[in-house]
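What follows is a single structure, written as structure tokens, with notes after it.
Each chain carries a letter (A, B and C) given by its place in the written order, and its residues are counted from 1.
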Amino acid sequence: MTDISNNQTPPAAVDWASGKAKALRKKRYAADRRLRYYGIAAISTAVLLLGILIGSLVSTGYLAFVQTHVTMEVAIDPEQVSADDPASGNYRAIVSDGVQRLFPDVEDGGALRAAAGIITNGAQVILRNRVIADRSLVGQTIRLQVPVSDPYDQLYKDVIDRDLPENRRRLNDSQIALFETLEDRGLIEAKANWGLIFSSDSRFPELAGLAGAIVGSFYALLVCFAISFPIGIAAAIYLEEFAPKNRWTDLIEVNINNLAAVPSIVFGLLGLAVFIQLFGLPRSAPLVGGLVLALMTLPTIIIVTRNSLKAVPPSIREAALGIGASRHEVILHHLLPLAIPGILTGTIIGLAQALGETAPLLLIGMNAFLTSPPGGIMEPATALPTQIFIWADSPERGFVSRTSAAILVLLGFLITMNAIAIYLRSRLERRW
Amino acid sequence: MAGQHIVASFDEELGQIDRLIRDMGDLAQAMVTAATQSLLDNDVPLAQRVISDDVVMDARQRELDERAIALIAKRQPMAQDLRAVVGAIRMASDLERIGDLAKNISKRVSAVGQGAMQRKLSHSIDGMAQLVRAQLAGVIDNYVGRNPQALVTLRADDENIDVQYTAVFRELLTYMMEDPRNITACTHLLFCAKNLERIGDHATNIAENAYYVMVGQQLPLHRPKLDETSISGASA
Amino acid sequence: MNQMTEIALEHAITNVAPQVNAKMRGRDVNVFYGAKQALFDVNLDIGERQVTSLIGPSGCGKSTFLRCLNRMNDTIDIARMVGDITLDGQDIYDPKIDVVELRARVGMVFQKPNPFPKSIFENVAYGPKIHGLASNKTDLEEIVVTSLKKASLFDEVKDRLHEPGTGLSGGQQQRLCIARAIAVSPEVILMDEPCSALDPIATAKIEELIDELRANFTIVIVTHSMQQAARVSQRTAFFHLGILVEEGATEQIFTAPSDKRTQDYVTGRFG
């Protein structure tokens, strides 16, 4: 050993200032910079694409967040509606009467029909709901604010250009003239469209809302969470902590990883075949949707949980074992509490994915047309993505902006969920 | 030292200490030889050289102490290394004492003076000196040659020196009783004999240390000791 | 004068290799990791109420042997142990033996301080809690305080018992881990390089603590520092390539080892 160290000749002095050395260093710095620029370029592209997406959605969707309303006077005639049974009155007549009051000058039957077309077809339903809620209204004359029907809404929002030749617009000159008289009398008003969130679906865009879809999605996610979270964690704990490392567990692990990559439509087919046809569960129900989504989320939760458990430093496990903790104590007292931030984050991201999932829900019939929110997990329902799908398919002009608005609402939910995930992670994460 | 350390400079430092011990051993032998020679030949210049050599001996001992302490602080030697270093410190102090005793003999050369009487008196001292020199040389050689078994035998040989010392003591006592004019010279010679006996003891110490350094075990405590002068002196 | 003779007497006692009053005995211990054998026929006794240090180069099997003593190797799937290890004459690898109880009786302190990410109090209280050693809150508090005191940590942390244990310095964390081990009243404490992550002052405090604990506990310590082994232990065992090369009184191992390999290792000639 001494010989080796003694016989070594000191290395020749390196000339760090030589031109060659300088050029080489310059080249290396340039490579550093290039790498940084590539990264910046990639991020910029991603941000740009996202900006275009959001921008186009907002530019078409923002119109759906406001709704044009007309204020009309209606006299609730006790002859038409009985206070004892407000549900079955002739509201159609009352609304027609209201239209007549709105345009006292119009005598012509055809013009009156055109005038009635200004207000939404659902006006009688709105009125009926008001009366049912407050029976004392019977016999009174009230001011009722109802949405205008879709073409007039579009007109007020300037989507329909009044300057176009008559034959190229959906509304003719006389219809526009009628509407403009209302405008001149200050009866037309654009209001925040809470109906988008709190109403259910409708054939009429001005009345259509997401309430049914939101409730349906909520139920489906609830089922999905209730099934995939405990099963996923239990499976992950078994695989990570108890399962012997052999060919079988390897096989299971490969399959779980594969399952996470299976196209979602396959899960939909499975749900249709197994849950609906074999088990006889009701079609279109959030229960079935939730079960299918749970199948999809399960591998994600298992993988995330296993990784979180793996990330707990072995020293903690050893510390607990070293003072005689049993296996379940090691897992429940030490590993899970430390892994839970990661598990929660992964679960929420998995649920967010499930929330956006469309194809399997279409297959199990969660794209039904339903005008009221589901009352439970067994009742037919739609979900947010399938609602978007339905609306995107609808011909009415008003659904174009509503589709975009619905996408924005969905994105809003996703962003909220991911934000909660990040918050939980930073809040719960502990240093060790 | 058997085997090489991973840290090469450790070997070097241990080697330096070992070399110092050998040097001091050689010097001690030379001093003892020169001292007895100057005493027998009444060679004052030679005695002076021994006295000046002692300065060198002291310096070497200090150097060894410093190196040994530095090595302990830096390397924390273990097992045979630790024994070697601690043994070296102890052997160095024995060798330094041997140097002192040789110097003390040399200092007495002029006091003993010259004359036929003295020559006759120092005859038995000469025999004792030869024994001591052989003992010292044997210890040093066997330490250098790493021969622990020979050291055990040598240690037992110290007995002969003690016997010889007792004989010299009685002889000198007789001379002093015969003629009181001899008392000064004889007392000095007595001291010289005592010094030689002490040198023998130090050589024995070195042998014991050297044995422990090499083997790792202490030699048994009991060693026959036949210095009867104290007993007989008291009775005389 | 009296003191002098006392010291001399004590010295004489430690110098003479004590007849090992064995708390734990290993007989023909062989350990395999899969196909690789890590320990070969190790026979080693652990004397009661003394510190036994295990030394040797990395990968020599000393940690493996240590982890056999409380069956921590069980947690490694591929590890397999053949041979007998007894605690108070009882085979600890007997299928009837409860591992949880064994690990409570044979506690362990690890290389890197590993307090739970909980409060100082919770760290110490955890063991007594799961083993049901305290009948009520007052009892538990007493156990925690005594354990912290025994680990010479109480004075430093008494005002912040409910702050996280991970906020302590490295040396304090390690003493917290020792307090945590002591809290379940083990008979044997295993220490796997307890000072390797600590600075010299913190190391000295742990060594002083080990010396105090010796009065009540049997301690086995694996260390890479030969000086540490020399300082804290009464007996030293030298492992090399999975073989127990030499075992004996610490003084003897570090001044006059009998085996050439031990000699070469302790003097720094290989390792």
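Basically, a contact is a pair of C-beta atoms (placed from the backbone, for glycine too) under 8 Å apart; a residue touches a chain by one contact, two chains touch by 3 or more.
What you are looking at is a predicted structure, and each value in this text was computed from that prediction instead of being measured.
**Student:** Indicate, using Cα centroids, the chain positioned nearest the centre of all protein chains shown.
**Tutor:** Taking the mean of all protein C-alpha atoms as reference, the closest chain is C.
**Student:** Farthest chain from chain A, going by mean C-alpha coordinates, please.
**Tutor:** Most distant chain from chain A: B.
**Student:** Mind checking the centre-to-centre distance between chain A and chain C? Centres are C-alpha means, answer in whole Å.
**Tutor:** Chain A and chain C have C-alpha centres separated by 58 Å.
**Student:** With chain centres taken as the means of their Cα atoms, state the distance from chain A to chain B in Å.
**Tutor:** A distance of 101 Å separates the two centres.
**Student:** Suppose each chain is reduced to the average of its Cα coordinates; what separation in Å results between chain B and chain C?
**Tutor:** About 50 Å separates the centre of chain B from that of chain C.
**Student:** What residues in chain B touch two or more of the other chains?
**Tutor:** Residue numbers touching two or more other chains: 4, 6.
**Student:** Along chain B, where are the residues that touch chain C in the complex?
**Tutor:** On the chain B side, the touching residues are 3-7, 10, 75-83, 215-217.
**Student:** If we count contacts the way the header does, which residues on chain C are in touch with chain A in the complex?
**Tutor:** 70, 72, 75, 77, 100-104, 107-110, 112, 114-117, 126-127, 130-131, 166, 177, 180-181, 183-184
**Student:** Note which residues of chain A are touching chain C in the complex, please.
**Tutor:** Touch residues, chain A against chain C: 244-245, 313, 315-326, 329, 333-334, 338, 430-432.
**Student:** Applying the document's contact rule, which stretches of chain C touch chain B when the two form their complex?
**Tutor:** Interface residues on the chain C side: 226-227, 230, 253-257, 262-264, 266-271.
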